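Got some structures for you, see below.
Below are two complexes that have chain A in common, paired first with chain B and then with chain C.
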Partner chain A sequence: MSVLSSSPPLIVKNLRKVYAGGVEALKGISFTVQSGSIFGLVGPNGAGKTTTFRIIATLLKPTSGTAIVDGVDVTKSPLEARKRLVYVPEEVGAYRRLSGREYLEFVVNVYLSARGASRSEIEQALDEAIKLTGLSEEKLSQKMLEYSKGMKRRVQVAWALAVKPRLAILDEPTSGLDVEASYELRRVIAEYARRHGVSVLLSSHNMLEVEYLCDNVALIKSGRIIEMGAPREIVEKYGARNLEEAYMAAIRGGGE
Partner chain B sequence: MTLRLLLSKELKSLLREPMVIAMIVLPLVMYSAMAPFYGAASKQAEAAAKLKGVKLAVAACHPRAMEKAMLETIASSLRARGVNASYVEACSPLRLLEHGYDVVVMLNSTAATKVSFTVYVKGSVSKLMKTLALPGSVIGQIRVAASPAANVTSRAYIVLNGRLWSFEDLNNLYGVGITMGYATFFILFPAASLGAALIGAEREERTLDVLFSLPVSRRSIAVSKALAALSVSVLAAVSALAGLYNMFHSMGVNLGITRYYAPGDLGVYVAAIAAEALFAVMLAMIVGLFASTMRGAQSASMIVVFPAIVPPMMLMVGLPLSLWVAVLPYTAAVYAGLSPILGTRMALAATAAQALEALAALLVLAKLLESEAAVTGPETVKRLLQRLRRRRR
Partner chain C sequence: MSPGMERVEAVRAAEAPGARRAEPRPSFAAAFTAMAWRQLLRFKTARSRVMNAIVFPLIWLVFFGLGWSAAFNLAGPMVSRLFGGLSYLEFLAPGIVVMSVFTGGFGSGLGIIWDREFGYFKEILVSPAPRPALLLGRLFGDSLTALIQGAIMAVLVSLVAGWPGAVPLLLGLAAAFVAAVASAAMGSFIALSMRSPEGFHMVVNLIMMPMLFISGAFYPIDPLPAWLKAFAYINPLYYAVDLARGLMYGVHSTPLLLDAVGLLAVTAVFTGAAVAKFSKTYIA
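Then we have the complex of A and B:
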């Protein structure tokens, strides 16, 4: 079912984005997400994380530079790129008049049909997505209008992983969630992605979460990557006790 | 005080929505732009009243000497008032129309002070308003020209598209046709409202990013949304029309639909309103892309439907019912409504043109959906407005 390829799930090269009003959101960033790994893009608000994600998800067009998802240039072949990725935005919404189950049926069917999956593969992915939500049958039958933010996020992350894309982009997946919901969601991402080799690109303001989940991290500030590497390497480089301290040192000291 | 504060907050929120501003400004621009057409229409009506440019025959078949003298007097009196009128002795008014006369006033009978005429008018589809105004103007002029004591009675027939219509029939059918043109609003309002809201709802429910990042073409998204909006609005329109039919039926009003329209005509009419509705859905979706809220989207739908008022209105005031006008958006239903007069071919041409316009709008929408504007629509509008404000300063 998953699209097998020898290309890395994501190669971003010199990505630059200038919005119509003249704001330069990205000033030429480059990074690569290796197969089966979890990559964290972290930085302050307005640093360019969401712009990067939206370019990769084919929602925005870069001013220059490239984003290659599983060997496919997102600007040249957006539809092909979309067959290889799933994007879960930070401000996660929901079709209020659909039940959780109906929503999962819709997105899983659309995504996997486009990838040419068989009926049984679609059914299997749907079952898996339902399991990953951790929601009861009763809750899944309710309209999403009645869902809490945490439940909506669980539904989104569940299908994003269950369809086993080459790249799952999760923009601040635990933002605004309580401790228990965040913990559960982190566990699902870590366990499922690693077990099934789904590569994940995520952002978060919670450095403990990033340290726990990510194999590699890029620190982005004012549209530029100011630090990149494994969390442990970054912590050691700044002589910090944890990633949060290293992040603060990098943000205060480096870049603009 | 509290009410004032609440009202002020509501007005600020409403008037800061670009789509609401557009909804306010558009009618002013639109109706002002129609002024030249109204001017032309009033000139047409004036010309019809004075029988300007009309070649008129006052005729009788084997008249008696007294009748001949009366008709010659009438013709001469008309000429004195600038009408190109002449007395002709003929038995076939239709042949006179074929031989260059625009109007033939045929004497039927005279008895004591009663005079009876039949007016035959060579009608013009492109000047239907003038055609319909002529019989009344002619009889008015004849009454003035005839002896004031005479009791003039008349009937009128119009030769149009190779058919001889009684004036009453043609006039009724014209009214029904225009009404059928306006009846499209029963589908245009829900179609545009739903079309605009479909994108607005995605934006408001924050589902647009996920939808647009799914591996489906944006054209498929546009088509599925348009078909959904169209299906629901067809149901709404059918419900409204059935309700109105019941209302008219219980009031004993017969619109004469089955009398005037063959099943084929009604089929073209249904196709015409479907094409108009599809066009409205597409336009509403295009405009709705730039609305940041559902309120903005709803205002956007008004912007789309407002212009639909124009064609029936302009046709009512005398815009020529020509093929050129038929290709304008929102004219198909009027042409289909008037198809017994204009001919099915003209109605089909208007419907085909409307369907092509809907297709063109779909292509524009699909292109827009592929572009960044689909994602950043309201932000783009905001940036443009900011830039305008900066320039003004």
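Then we have the complex of A and C:
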């Protein structure tokens, strides 16, 4: 399956989500992620970022609206959509009893064979993923329950990129990582987007990181997108010095 | 050329027709095997679960079985007829093995609850592998671990109740394996329907007790009133115990073939329900 196709990796249109109990988490948001680009979804906690990610990842059903991944409607054909995307949630899963290596073998195998990959392609992706974790062989043979949060995160993002999905959804990928690890991870994300055509949708609370990494940004507050565009544009619009200042101005001023 | 277009060109070059994939792997088989293997790997280090599944049934056998055995011996020859010519220990033993495998299988549902608590579940839900493959692989892996426990149990039980012979023992274990798949399916179905671990435990205990007692493991089903007997016929445990006892010690109240068919049918229904449930699972 080609990483490249004529459809944009992601088109979200008028997405609405009302949880049982009446909480309206998303009030109709729309945005598009272009091929090979990195899109940042930022906003305060509870604004609706994770809800958005979960809907696109087929974990949650939207109340109305559509999310189209690589031409596939996620509500109508969830299985097809899943073949084109990966989702790395914020909470790191606990594969306590598997070693890092075993875990990578497991997920890469399941993921790529569902896409019809050959044995050698799977081996390649596995080697790639192992390299991307930046962990030593020794570390990788330890059980994952002994890993720090940052290490678990690196392992997850590593396989998520190594399988070269059309769209990689990363919820706070650098959260919990130290400076070196953050730097490395950002570098790797940028490389995969620029050179391998993996489009990335990510969220982060670090505005400077977002400014550096993202081609486009959408600022979400209380379930609505209140600002959208290239980081440069947003910074200029608010006459700020950097994206963090612009963010603060937008959040305090715009929206409800 | 803009940077965006350059990237696009680079990717197109890499995806040229020359770079075709060779033999596609069947994704159902790969997902199934991967899930089953993962469950087995977990078992390797989950010693407490193994101990639980062996120690408790052993306690039942020794403290419950020996006690009643002694009491029945006092009762005299009438008793033999009750248990089809077997001593109470021989009567009870296959039931204990099946019980061990069965409760081990329910642990599959518990595994889902744990996975959900730790966020692993989301990753499985988002996986592009066909859902039936994922759940069936999981059920199979969990049933295999339950079977390993059962095999250990069977050997220990034979020490107390008498060695039934290698082939009968293996056949009895095969029946127990199918029952494990049934209990893993039931446990999974319940786990997928519950929101909390407490809810899961509550429902499981509610269901497991009656299932164990209306299985014929502890006493024969025949003398029971019709309305109670009806439950036995939809209980996978009943068929498994009767089959195991028939294969191991030659005593059974239903024709063995009927037992096998009944067991497979009930297991198929539970498994189908669990697969259907999982295929439609969303987080909310």
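Here, the second predicted complex is superposed on the first by the 252 of 256 C-alpha atoms of A that agree within 3 Å, B and C clash if a C-alpha of one lies under 4 Å from a C-alpha of the other, contacts with A are read in each partner's own complex, and residues count from 1 in each chain.
Note that a contact is a pair of C-beta atoms (placed from the backbone, for glycine too) under 8 Å apart; a residue touches a chain by one contact, two chains touch by 3 or more.
Bear in mind the structure is a predicted one, so any value in this text is a computation, not a measurement.
Once both complexes are superposed via chain A, do chain B and chain C end up clashing or fitting?
clash
After the superposition on A, what does A:60 contact: first (chain B), second (chain C), both or neither?
Both chain B and chain C are touched by A:60.
Tell me which partner A:197 touches in the superposition: chain B (first), chain C (second), both or neither.
It touches chain C, and chain B stays clear.
On the A-aligned overlay, A:82 touches which partner chain: chain B = first, chain C = second, or both, or neither?
Both partners.
Of chain B and chain C, which one touches more of chain A's residues?
Result: the larger residue contact count on chain A belongs to C.
Please indicate which partner A:121 is in contact with in the superposed arrangement: first for chain B, second for chain C, both, or neither.
A:121 contacts chain C only, not chain B.
Give one of first, second, both or neither to describe whether A:109 is in contact with chain B, with chain C, with both, or with none.
In the superposed model, A:109 contacts chain C only, not chain B.
Going by the contact rule set out at the top, does A:91 touch chain B (first), chain C (second), both, or neither?
It touches chain B and chain C both.
With the two complexes superposed on chain A, say which partner A:36 touches: chain B (first), chain C (second), both, or neither.
second
Have a look at where A:20 lands relative to chain B and chain C in the superposition and call it first, second, both or neither.
both
Would you please give the residues of chain A that touch chain B in one complex and also touch chain C in the other complex?
In chain A, positions 19-20, 54, 57-61, 79, 82-83, 85-87, 89, 91-95, 107, 110-111, 114-115 sit in both the chain B and chain C interfaces.
Under the definition above, what is the set of chain C residues touching chain A in their complex?
3-4, 7-8, 10-12, 14-15, 21-27, 30-31, 34-35, 37-38, 41-42, 44-46, 115, 118-123, 125-131, 134, 282-284
Which residues, counting only chain B, touch chain A once they are in their complex?
205-210, 212-217, 370-372, 375-376, 380, 383, 386-387
Which of the residues in chain A come into contact with chain C in the complex?
Contact set of chain A toward chain C: 2-4, 19-20, 34-37, 54, 57-61, 79, 82-87, 89, 91-95, 97-98, 102, 106-107, 109-111, 113-122, 143, 193-197.
Inside the complex, what are the residues of chain A that reach chain B?
The touching residues are 19-21, 54, 57-61, 78-79, 82-83, 85-89, 91-96, 107, 110-111, 114-115, 156.
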